[in-house]
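Same chain, two partners: chain A is paired with chain B first, then with chain C.
So, the complex of A and B:
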């Protein structure tokens, strides 16, 4: 195998593929990256057996030549040093050559590296996803959906299913839900007609996979194809395959967790609330639950306060746009609130409380976007 | 601290044995000892009265040995509830005199009488306290009167039983310095060994020693001991000190060294239960659990785990303890096991993040919490006492201080 390729293009692909490669893998060959060259393209593959990423560099795209010379073939190269080597090469063109003995030579200008390769035949075959369940959405929209939900997945393995984001497609509506059992993030979007006959649920994608996917994808309006099978999901753009395993188990029914009535409703400027809570929580950051207290006051005001026994107290009154219903005093984790407000990203929000011991809902006042954040309060003894 | 302080140290004489004698007057004048389980090898003398001491019976002596030297010894099992009750009564009497009472264990405490403005002189007051303890509880005590805690403590030791000793600072050369160093409060076995190695035999020797030499030998404690030997101790009588505890632990010896998983698990389960009960009694939660394994050859290891959440219930503790145990047990025969809950916090200082999937359990009680809060807002925090704090009869403990905490926290 031999290729002569633009360094920048190669570097970009390597960085993407590296996201799937774990230095701690138990399968030695997976610490390597597979390079495959044919007359049309070069394909790089990395995998940690949970996530597999393939990045394709076409020979030529939009009149720009990426690959200048090809002798088809394939080889597996140690991934650990590859990004640094390529990044630090002196020239814009890189030559990679593998001989029959699996010796890999990387040349650029007068620099030359020789690396020991591994047999590509030993590299696990990528599972071929057999499914009819495919649909498309815009890449930047998918990124937004991930950003609005993925932060709420659990980082604890006590309930493994909660470490993923639940995807559900039903009645032309796609819903993503994540919860760590303390807070819940939900986002729905209407799908176009193409998904007519398609529906699935209990598709739970590891939060880590979505995090990596989000980093690799560009904010583009191109569409991305999503294909779902029983145990895997494939995200596919023109030059990228991103395959992730799904989490085993049944995702809990979350719709019943969302309170249907509220006793106190507060409408408030999102940014002001976020900044107030951020300030109040300055002294609370060291304590376990980062607790701030919200108390309704007269004249549509709320008081946000925090109290850290050995440090001090913080207090701030914030004018809201409207408060209706019962008086309320409630304590919650400031970080959860800030996360939720960031995810919603609206000018004005409404919060619906049903009592100091019950979860409360945060939604944008403008109902154009179907996003809902749910936070369970903290009980102070 | 301009003027001289007046500090009392009240020390009950052979407390457990005295309490037993008070309950059973027919035991008066006979040698009485309190011992752990007499049938098993942990049966050692916990305490004994003066009649038994006169025959040579000593604390920590194995029971069989005590019987050898004092065949008519009456050995009784400890009855902790009785002692706790007597202790509470005793501190109640002390608290009548002044609110500045610092219990240091179940049967002794300091009082600060500097600001006492009654009609009695300190000596008369001490006599009055001693007499009331006899009249109401039939219990003998010794009282030390001095300008600070250390001297008061040393003074109460000077005349037992039923002594009252005044130790003035100017008297220390005559009364304190001749005492062997091992009798100094704050000098334990280890410290005593170190000090005798550099030829310190008496408290006077220590007082005259160069501070730096002591500091090098014993660290900060050396400096403190030096001050005390010279009659200086500025520490305050702190009624709250007893509440500042850091851990709750229980340990127990097997009747026979064992490798039997069933026995071990059963013992660990019991220990966890005791620890959980005591945590409940004190209304605390823990975020660090430690186990102790002592092997047949007395080699002892402790292993602990820092937790992400607070634990309080037996099952939670037991699960962690089992996990710790099986990750660290080298399968050799075990003599003793211990379980300790560390990094404790009072429940009221701790919050609980509710869970989406089971918050209903807490939410159900919300009307109750609201009512409590309203009433407390009106009448103050004291109106409600958590009854769970009083479920104490089963609590077993190795630390005497425990018995007091209930009394103290009630206010």
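So, the complex of A and C:
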């Protein structure tokens, strides 16, 4: 195998593929990156067996030549130092050549690296996803959906199913839900007609996979194709394949967690609330739970406070736009609230409480976006 | 005590003073920051007993009012959360008030923090530096001197004296030397007439102190006053006092380490050499010692190479501007060389070797700056 390729293009692909390669893998060949070259393209593959990423560099695209020379072939190269080596090469063109003994030589200008390779025939065959279950979504919208839900997955393996985001497609509506059992994030969007015949209910994608996917995808308006099978999901753009395993097990029914009635409703500027809670929580960080208190006051005001016996107390009164219903004192994790407000990303929000010991929900005041965040309070009063 | 003060000004002072406060201190009162207010100024003090920093905020300066209200007094406030609190306050003005029970209230807009304070009478009396030994130097020049030498101090406590930078003032010449016994950095400057009567030989300032000082000082052309006594050194600008203890013991005589004759001399572009060594050392980082080899070749070329049995090899030929003297193969720590080249910061440098097993020296080709870097090679051939 031999290729002469543009460094910047190669660097971009390597960085994407590296996201699937774990330095801690117990399968030696998976510490490497597979390079395959043919007359049309160069394909890079990385995998940690949970996630597999393939990045394709076409020989030429939009009149720009990416690959200047090619002798077809394939090889597996040590991934650990590859990004650093490529990034620091002196010239814009890179030559990569593999000899019959699996020695891989990388040349650029007068710099020459020889890396030990591995046999590409030993690289695991990637599962081919057999499915008719495909739909498309705009890439930047998918990124938003992930951002608005993925932070709420559980980081504990006590209930492994909760470490993933639940995808549900039904009646032309796509819903994502994540919960760690202390808080829940949900976002729905209406899908276009193409999904008519398609529906699935128990697709749970590992939060880690979605996090890596989100880092790789650009904020583009191009479509991304999503295909699901029983145990895998494939995200596919023009030059990228991102394959993740799905989590086993049934995702819990979450709709019944969301209270239908509220006793106290507060409408408030989201940014002001976020900054106030951020300040109050400064001292609360000394506690394990980062707890702040919210108390309704007269004249549509709320007081946010926290205290840490060893350090001191913080309190601040915030004017809201409207408070209706019963008086309330409630305590919650400040980080959960800040995460929820960031995810909603609206100017004004409404919070619906059903008493000091019941979960409360936060939604944008403007109901255009179907996003809902739920937080379980903490008992302190 | 009560002050109403500009937040930005206060923030700047707090950040500077925090550099002296260690969260790991075993003396509880030193985990706090002392605030003293009088009609003219507010003074903040922090100390870890090795370094003491005082920052002064004048009531008014250049027609700008920094302190809007003051009731004189002093207090010691918990330092841990102070920078975060001040940074996140909602308004440009901050009110700080201490009551008779050492409760400190910080107010800005509607935000209010109450922090537990400590008795300022328990704060250690700072030693008053009694000395006539003072001289001045331009602040940005002092920063350069520190940058060019401080990286070479030892990080091991085996020979504590080597963890500091040796300052020597003699015959109107100031010299800084640092060495960890594997490499040495030295910089000299001519001083102006004012130092005529002044000379000192065994001033060794902890590298950590100089590192912190360098972070606090601006790249300004204003003078900084340096005063030395037997066991302390004071750096003083208009609004800052930076006091450091000195290291005990005699600094070794280093001048005899520097070879007077060379057998091979290489003149080369500094940036090209740095990049070549940086690349070659990518694979060497897998070794403990980060070793690269340098070998003189025909036609004024040198070859830089490294190898790591498990990963592979790197090599690159670099054209120099001139090679004179004997042929040479030598191995050294790549990081030492890169540190030295960065410190010299010249376009073209000359390296003088005295054989593969003797220390070699690197100097700028243009002899305007009296800077010298010495590196001890590693035995591999």
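We adopt the following convention: the second predicted complex is superposed on the first by the 380 of 381 C-alpha atoms of A that agree within 3 Å, B and C clash if a C-alpha of one lies under 4 Å from a C-alpha of the other, contacts with A are read in each partner's own complex, and residues count from 1 in each chain.
Note that in this section a residue touches a chain if its C-beta (ideal position, glycine included) is under 8 Å from a C-beta of that chain, and two chains touch if they have at least 3 such contacts.
This structure is a prediction, so every number in the text was calculated from the model and none was measured.
Considered on the superposed chain A, chain B and chain C are sterically compatible, since they fit side by side.
In the superposed pair of complexes, A:27 makes contact with neither chain B nor chain C.
By the touch criterion stated above, A:65 is placed in contact with neither chain B nor chain C. Looking at the shared chain after the overlay, A:359 reaches chain B, while chain C stays out of its contact range. Taking chain A as the reference chain, the count of touched residues is higher for C when chain B and chain C are set side by side. Judged by the touch definition given at the top, the superposed model places A:380 against chain B, while chain C stays out of reach. Looking at the shared chain after the overlay, A:190 reaches neither chain B nor chain C.
Remark: in the superposition on chain A the angle formed at chain A by the CA centres of chain B and chain C amounts to 70 degrees, rounded in steps of 10. The minimum CA-CA separation between chain B and chain C in the overlaid arrangement is 14 Å, rounded to the whole angstrom.
On chain A, the surface touched by chain B in one complex and the surface touched by chain C in the other have no residue in common.
The touching residues of chain B, when paired with chain A in their complex, are 308, 347-357, 359, 362-363, 365-366, 369-370. On the chain A side of its complex with chain B, the touching residues are 156, 179, 181-184, 252, 257, 288-289, 291, 309, 331, 333, 355-359, 374, 376-381.
Of all residues in chain C, only 78, 80-81, 84-85, 88-90, 103-104, 109-116, 275-276, 278-279, 282-283, 286, 310-318 touch chain A in the complex they form.
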